[in-house]
Structures are given as structure tokens and as C-alpha cells.
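Right, one structure below, let's go through it.
Going by the order they are written in, the chains are A, B, C and D; count residues from 1 in each one.
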Amino acid sequence: MYAQRMHQTLAKERASRENRARLLISCPDGPGIIAAVTKYLYEAGANIVRSDQHSTGPDLGLFFMRIEFELPDLDYHFTSLQAEFSSVASSFSMQWEMRRASIPKRMAIFVSKEPHCLMELLWQWQAGDLFADIVGVVSNHEAALPLVEPYGIPYRSMVVNKDTKSVAESEQLKLLDDWSADVVVLARYMQILSADMVSRYPRKIINIHHSFLPAFIGNNPYRKAYDRGVKLIGATAHYVTAQLDEGPIIEQDVHRVDHRDETEDMRRIGRHVERVVLARAVKWHLEDKILVHGNKTVVFA
Amino acid sequence: MYAQRMHQTLAKERASRENRARLLISCPDGPGIIAAVTKYLYEAGANIVRSDQHSTGPDLGLFFMRIEFELPDLDYHFTSLQAEFSSVASSFSMQWEMRRASIPKRMAIFVSKEPHCLMELLWQWQAGDLFADIVGVVSNHEAALPLVEPYGIPYRSMVVNKDTKSVAESEQLKLLDDWSADVVVLARYMQILSADMVSRYPRKIINIHHSFLPAFIGNNPYRKAYDRGVKLIGATAHYVTAQLDEGPIIEQDVHRVDHRDETEDMRRIGRHVERVVLARAVKWHLEDKILVHGNKTVVFA
Amino acid sequence: MYAQRMHQTLAKERASRENRARLLISCPDGPGIIAAVTKYLYEAGANIVRSDQHSTGPDLGLFFMRIEFELPDLDYHFTSLQAEFSSVASSFSMQWEMRRASIPKRMAIFVSKEPHCLMELLWQWQAGDLFADIVGVVSNHEAALPLVEPYGIPYRSMVVNKDTKSVAESEQLKLLDDWSADVVVLARYMQILSADMVSRYPRKIINIHHSFLPAFIGNNPYRKAYDRGVKLIGATAHYVTAQLDEGPIIEQDVHRVDHRDETEDMRRIGRHVERVVLARAVKWHLEDKILVHGNKTVVFA
Amino acid sequence: MYAQRMHQTLAKERASRENRARLLISCPDGPGIIAAVTKYLYEAGANIVRSDQHSTGPDLGLFFMRIEFELPDLDYHFTSLQAEFSSVASSFSMQWEMRRASIPKRMAIFVSKEPHCLMELLWQWQAGDLFADIVGVVSNHEAALPLVEPYGIPYRSMVVNKDTKSVAESEQLKLLDDWSADVVVLARYMQILSADMVSRYPRKIINIHHSFLPAFIGNNPYRKAYDRGVKLIGATAHYVTAQLDEGPIIEQDVHRVDHRDETEDMRRIGRHVERVVLARAVKWHLEDKILVHGNKTVVFA
């Protein structure tokens, strides 16, 4: 029943975005970029709905831009639209992408035992707040199965330990491949991905770390926070890179704790911060609102 | 001594903004506006440093834009730059302003007995966070004089009561005129300005109201908040209009209170919210980051 | 399956609180109260785990206290414990309650179409954050049924409109009676309860209002917030009294919005505030952390 | 003029607290402590105005308590009151202090070039929010002199560098001694105190670190925060111990930043967080609301 309702919701969302596209640009800063891009869009008959840009200043000399536009019969024009833009792009040495807003990203979710981040994503998704195809859920446990089943989303679990890790990862990569996943969300997945796996999905794997990074890197952050006696605990959503907990930060938030809160209370309070921070980061990613340079993000929230 | 140091700080700030200008636009939404504006700036040799825009959507059909740009020898070109833009502007029925960032607004501050908002403005100003000429402080009390004196800022006080109100206001208007004030900040000035006075400074008088509007309009909001038993108290900075506490809201914030907080505690906690909220609103106004339509603000913070 | 797991979770929670009780006191302030109460508990062999008190100050002259204590074989002693306390209580004119922490409150949840508050309560409940027996869900729609079913919680829906309202309310009262409900949570239940119904559950019906009360009382608060151009939107959990939206406030929180947020965005952002604020208030109520006097709450959070 | 006004304010504050005292207790947890303490106070004729306690739970087995009470003619009774309590205290192996609320702590403030934290303390002090005798300001610069002078507070500056450090510290220790300082606030004092100096004022030196500890320990935290690309910046007030930035945390808070904020912006935003966090910590210390165990604080805020 859920599956069917979600199908309808997605179809409706898709229809409402039928003629909308997003243009994402990163390039060396210089004069005339905005003029050239907006002139191009105007002449193509596009109407700019929203535009954000950011210059890093002379030190780095980088320019970032995200434009959301509407164009009648986008479907028909899309290929030529891209082709024509490439000449504008090359004259400014742009890295760029043009995406149709009506095509949901294909999102796979990894989870271990604690389900709160997964639940939040499912909840926001079914409420229409997250526009995505959830192509499957992968877990090293069975625990989250009943949450996923009512939505008709594939759920694959596998044992992950020292001995099975590389086999399990091969299986996971195959699943991602079969599902044509283009974004992977680690929703409290308590296993470290191999460098190989990370390298196949650059800037496409989002993790939630249960601390305010760079404080309390690694495991057991709530225990460490308790031991240090901090007065705020936090969570950090970031893109996964080969360095554990060192990838570009997308979003962070905190919640107040006090001397009465034991490690277990921090864990409970932290769950609320984690799920909210991860959901925000995923939403921005799905809406192409994040640009990455070096180890940093530009978020046009 | 302070006076001299401030003079140097302002001079330095001024120099650093010598070639910077801001273009503010409000107009009916439609295709080609951004392209036309950015093309114009490009051809004029300007480099866009920051650009923000907002479309209200089809219901209201309004478009707002703020562009910050650098142009070598701005001083020399400024008049012709404006003249040339007016043809672009008229083809889109724009209301617009082009302002030089190096020219500080001339700010007058009104205050009654409680000095915390005035102090915050002075503090942020001397720290270089607020770029303005503080042309004078007006008060219906003597209390704040020692705060203002070290800066060499003129301080004028006058008795304001039922009998003297209209005389006092004439005097105040004369002062604003003498000082060529172009923004008036009511920093906990506990007198209601006449409709006439308000009408002379449209969207140029900023007030701080000590509640989270529209809750607790009028006087004694902390008393009312205490009586209602709220769990958060707030403050609201807004442009002053003829309707008391009904003008366009610029900024709001809140702070948590609990059952132990009496009216007096709320007042004390509230002071911190008030001064921060007012200072943010003033900063945005001074940097031309606020556009007003109807009873609302667009804030490109 | 869920039903069974929850049964186990509750049983475990119950066991861990077997010997814990809470003592709640309201009385006129005066010397010796704490000494008398703690002496009594000490002599009864109880160990105080947590104690909170609040004096309103001389104006109101009220004293509130909440003590959480452990006593071996509480079950066996509980009746005599209460009997003995009544003499202490009467010498200070106390209103008081002694409750066993191992007995979950019997909670009924009312909901209309929007399920986010119900979902949050169910989620926190199954995660062990809310200790309650959820005895049933009542709705004027069918929408939330699939959320509730997996938990084996009774779901009763009935048409509520002008013609059916009084019949529906009789049915609801009968359900609450059959279920022996002792707390009713209005989790975005969009119908106004009759004064009669409210009077049967004094300080036992918790509502979530989707605004920062007392701003935007009544219906359509997000629309009103949008029209007023506020920069923060909020939610308020309160006990329901005969005056709509006027009951004692338990908890409030806010979230930032800006000029880009339409009424619909505020609704979406607001859902997150509503569910969190309601869940906090329900948790405090379930843990006997709220005392009410007049139209205010004392929350020993 | 200020000096005189402050004298009057302090005298008034002092009078209003004439009969108020605070009792601070740390001891092994066990039955009967609260009963014994409150019985003692009751029999002594004291009225408890506020009482807070905290048990760490069975692992640490510690109990902390803070009681604020009123006793007529406190001055007259104070010595015997203390003497009598010592027998209660010894039977529970308490560490304890009884302090008269009317006696302000003697506070010295250390500052370097950046004056915002000093200004905040002075502001809150003159507004009556901080009850203390500010006995002197020590600096390695002249910059803050004009802020302090109007209050008639002694200002002593000395060159501090590698060569002069030990001489400077001797001078500082002598000043603290001459002033009979019993609390030292490092209000952005950018020098590291020697272990010897720290050991003379255990749990009496409060520092503000300009990061959310334990993130960005050491110097240049805003630069590090910028390099890491965090989305929130913070500040931490803590007691100074021999380990740099490792002492017991009293208070922390954060403020949001985004990709547009350069190191310099973070510094500016951070100043607001720093001054507020430090002022809160100092206020709690002055009101004897902080108890320390191991490397943690219990704050009865």
C-alpha cells in the first residue's frame, strides 16, 4: 500500500518539475561569467527561478554557481541545451553539470542496528520532503527490515566481519551496480568502507558521524564526549573520502547536555541531532545544492 | 582619544571600499532581467563580487536583486554609471538604487534610560563591525551621556512628556536635519514617534521591540510574557511605520526561560537578545542588504 | 512482531523501575518543608535519586517539589508509605501524589490527517524514550492506520463534522473509558474538543499548537506567520483547557525562516518543530516532571 | 562618575543579600544526606530559597549539593553556623563551603589586545548582572586602558615576552596578592600562564578558549576551523589547569557559519560567542553555582 502511494507521490513530484533544470558551475573566477551564463539562458528561452553564486576571493580565485531554471519542453531541448552550453563553459574553463530536476537521484541507504537515521530518511521521503528513488537498503543486520518492507524497498543484509568483509563489499558493490545507485547514504552504518569502494563513488557517499567534527574522531564519540565533560554534543554529515571522518563537511548541529547526562543520555539526545543533520545534508545533495572544492563544501541551502 | 581612533578606523574602512558599489533592484518578475543587468555591468568593466536575487513566485510576481561590484576608479565613473543604468532599469520598470559602499550612512541613535542597545551599537561600531557615521545620539534622559562622550559624538537630551512632546519632536527633527541623518535607530527609545515624524523617514527608522512579534504588542511585553508563562522570550527589529509594532520585520531571535524566571529575569535575559537582534538589523541596513515590499523584508544577509 | 518486541521492551523497562517512585508536592511555602519530607523518606528507608524544588517567591508564596526515590520492596510498602506520608502532607497543607515509576501511564493519541507527530511519538516509544502504554489511537480519518497497525495498537476512526460531532465525542469518551486512558495527546488533531470532554481530563490532555503562542492563536497559523513576515516560526505544547490555545504552556521551540519560505515551506519546516516540541512535553508528562499552578507550568526537565 | 555609581549599585546589591548564604557540598553518595542537611538548616532557623543536588550514580558514587538560604541576622550567626555544620559534614565526609552571598568575590581580569570579553564583563557588571569587586585589570598591552579608566579600576600593564615572562608573572602574582584577588578571569589573555601560577589559584582561573573544545586546541583556532570547513564555530569557558585547554569545561556555545565566511569573519562572529560564553561562566562562578570533580563541572545554573 505504501509502495503504491509513494509511486503516486513521486509521479506527481516528477510532473511538477517537468520543465525544471539545474546548472552547476565551478571555474576560475573572472569577469563576465554571470553575464555569459545568464545571457545564454535568456537566449535559450529559459527563466531563472533561483540563482546562487560564490567567489572565494583572490587567494583561491574560484567561482561557484548554481542556477535553477524553467524551460518549456525541457525534455525535447535538453540535449541541445547541454551541447550549446559547452562552448560557453569551455571559454571559462568550467567544470559543470546540467541536471533535470524531474529525475530523482537513485539513493541506496546503508544501515547497521540503530534505525533512527534510516527512519528519518524514510519519513521525510514519504512526506514528500526528499525527492529520490530509494533503490535499496543494505545492512549488516536484519534489524531494520520491518521498517523498510512496507515501502516495498529491496532490503539486502549480509554478515560483515574481518573474514567476510571483502566478500561482503563485493556483494554491496554489485548491488549498487544492479540498482544503478548514484548516491549512497551511510545512515549509521558502523563499518568502514574500503578505499576502493570510496573511490568508486567520489562525493557521492554521505556519512553521519555522531560528533561535532573534528572533535571526537573515530569510534565511541559519546563516551569520549562524556569523559571530556563537554556541554554540547553534535553530529556531522560529510562526504566520505579515504581518510576516516576527514571528508568535506556538509552540515553540523549541536544539542545542549549537562552534568546529569550520562553517556547513554548523550546517545539518546544525539540520535535526534544525527537524524536531523543527516536528513538536511541528504536533501541538499538530492537537490544539487552542494558544490565541493578541496576538502570543503559550498552549500547553496 | 576614541574619537580620533574611530576617525582612523573609518578612514581605513572607507579606503578599502573605495571602488565598491551596490545595486539594489525591485521590479516585476520576467525573463532576461539578470542577463540584462549582468551584461550591463560586464560591459561597464565592473566585477561582480556578490549577487543575490529573489523571485516571489507567480502570485506576487516580484523580483528583487542586490549586486555588489568592484569598478576601478568608481568615483570618476559613478555618475555616468548611474545614468547608463537608467535605460536598462526603465525597460524592466525597476525601482533601483546604486550606492557607493565607501560612503557610510549617517546614523542617529535614539535611546531612553536602558543603555544596552546603544552600548552594543557603539561597541560593534568601534570594533569595525558597523560601518556608519554616528552623527548624534538623542535621548529623553541624561543617563547615556557618559557612554557617548568618549567618542566625541554629539548627545542631545530633551524632556519628553505629554506637554512637551510636540516641541521635543520638532527639536528632534531639526537635529536630524542638521546632522543630515539618513537612518534613525530607536535603541530602546521608549517614546512613540508621531505619524508625521515616521513619514519623513520611510523605511529608515529601525526599532527594537522587546518581544517576539506579533506576540505581546505594546508596552510591558516581559510582564505579559511572564503572565502567559511562555518558555521562550524574544526580540524583534523592524522598520517603523505609522502602526505601532506593525512595521516590516527585519530580524527576530529568542532565548529560553523557565519557571524560575520572574519578569525581572526575563528583562535581564531579554536585554541580551534585544541588543544582538538590533545590531544585526542595523548592520544589514547599513550594508544595503534589506529590500522592503508591502509589509515584508527581503534580507540578503 | 513489533507488538511483541514492544511488549518485551516495556517489560524490561518496568523491571528496571520496580523500586522507584516519584513524590509530587504543591503547597504554601514555609520553613521546614524539605526537612520534613526528606526526614520522612530517610526514615522510611528510601534513597533520594533526584530532587527538584521551586519557590515562587513571596508574592504567590507557593512551593513545588518533585522527588524521585528508590525503596527496596516498593511494591510491598507502597500503600503504607502513602498512608504515612499523609500526616506529613496535611501539616503543610500539601496537594501531593506518590506514583510508582514502573507503572506506565495509559496514553491515547488523537490524530487527523498529518501523521508526523504521531510518527514521532511511536518512534520515540519503540526506541524506549517514552515509557507508556499506548492504549489506542483515535482519528477522524483513516490515513494513519498503516502506521499504527504494525504495533498492534487499536485504531478507531470516526467521521467528525458538525452533524456527527457530539455522537463522535460520546464514542471517543467511551473509548477512553474502555481503555482506562489517563493521558490524551492531541497529535495534530484538527478538531476542537468540547468543554465537557476537556473537563473530564483536567491537565491530562496535551495539545501541540503549530505556532509560537500567544502569536497566531486559532487556525492557519503558518498562513498568518507568512502574511506577517516573521523570521522565526514556532510550536507550542500545552495542556488543553476550555479556552482554545490558552492552556498552560509546557514547551515551545522555534526554527528560522526567511523571505524565500512560502506558507507551504513554513508548514514543512514547522512539522519538525511540532513533533519535537510535542514529544518533549509528552515525555515530561509521562515522567511526572510537570506541575501546574494557575495557567503556568513548573517543569523539572 | 562611573566609579561612584558602581559603588552605590554594589552597596545596594550587598544590602539585598545581607542575610543570604550558600552551602556547597561534595561527598560520597549515601542515604540521609539531604535529610541531615535540611534538618540542620531548619533547626538553625534558615529558610531554603533554592536547592540543587546531583548524584553521579553508582559508578562514581558522588553526591553534590548547593543550597541557598536566608537567615535573619546572618552576620551575627555566621561563625557559629559554620561551626555547627562541621559535625554534620564530618559524619558524611563532606567537602564543603558556606559563603555569604553579600560578600562579592574579588575578581581580577587579564586581557591582551582584543577587548570584547573585557567589555562584556564590564557591561554586565555595571548593569548589575555580575556581582563582584573588580579589583584590577592586568594586560600585556595598553589597548584596554580607556575602557577601564572611567570605572576607576586599577589597570596594570607589563611587557610579556620570552625574556620578561617570569618577571612579568612575578609582578602579576604580586598584584593578585595585593588585591587579594580570589578569582582570575582570562578575558582573551593571549599568554600561557606558568604551572606555578596556575597551581596557586586552583579552580579559580577561568579562561575563554575561542573554539568548541576539544576541537582546535591551541592557537589560531579560527584559522583551523576555516581550513577544516566546519559549519559551526564555538567558544569554551573552562577552569585553567596545568594542561593547556584541558581544564574542566564550564560552558560552551556555537554560532553558524557558511562557505562565505573567511577566517576573519569567523573571528568577528566568534567574538560574540566568546564574550557571551565567558560572561555566563563568570556569572555562575561568582554565584557559587559550579562544583568541580575530576576534570568535570557540575553547574547548577
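Note that in this section contacts are C-beta pairs under 8 Å (C-beta built on N, C-alpha and C of every residue); 3 or more make two chains touch, one makes a residue touch a chain.
For clarity, every value in this text was computed on a predicted model and none was experimentally measured.
K.L.:
Could you tell me which chain lies farthest from chain B when each chain's centre is the average position of its Cα atoms?
P.N.:
C
K.L.:
Looking at where chain B touches chain D, is over half of the residue numbers used by both copies, so same, or under half, so different?
P.N.:
same
K.L.:
State, to the nearest whole Å, the distance from the C-alpha centre of chain A to the C-alpha centre of chain D.
P.N.:
Chain A and chain D have C-alpha centres separated by 43 Å.
K.L.:
If you average the Cα atoms of chain A and of chain B to get two centres, how far apart are those centres in Å?
P.N.:
That pair's centroid distance is 38 Å.
K.L.:
Which chain B residues touch at least two other chains?
P.N.:
As it turns out, chain B has no residue touching two or more other chains.
K.L.:
Inside the complex, what are the residues of chain B that reach chain C?
P.N.:
Residues 54, 57, 212-216, 228-232, 234, 248-254, 258-260, 262, 295-299, 301 of chain B touch chain C in their complex.
K.L.:
Taking the touch rule as given, give the residues of chain A at its contact with chain B in the complex, in rising order.
P.N.:
Within the complex, chain A contacts chain B at residues 31-32, 34-35, 38-39, 41-42, 45-51, 53, 55.
K.L.:
Per the contact definition, I'd like the list of chain A residues that touch chain C in the complex.
P.N.:
These residues of chain A touch chain C: 1-2, 116, 119, 123, 127, 129, 146, 150, 268, 271-272, 276.
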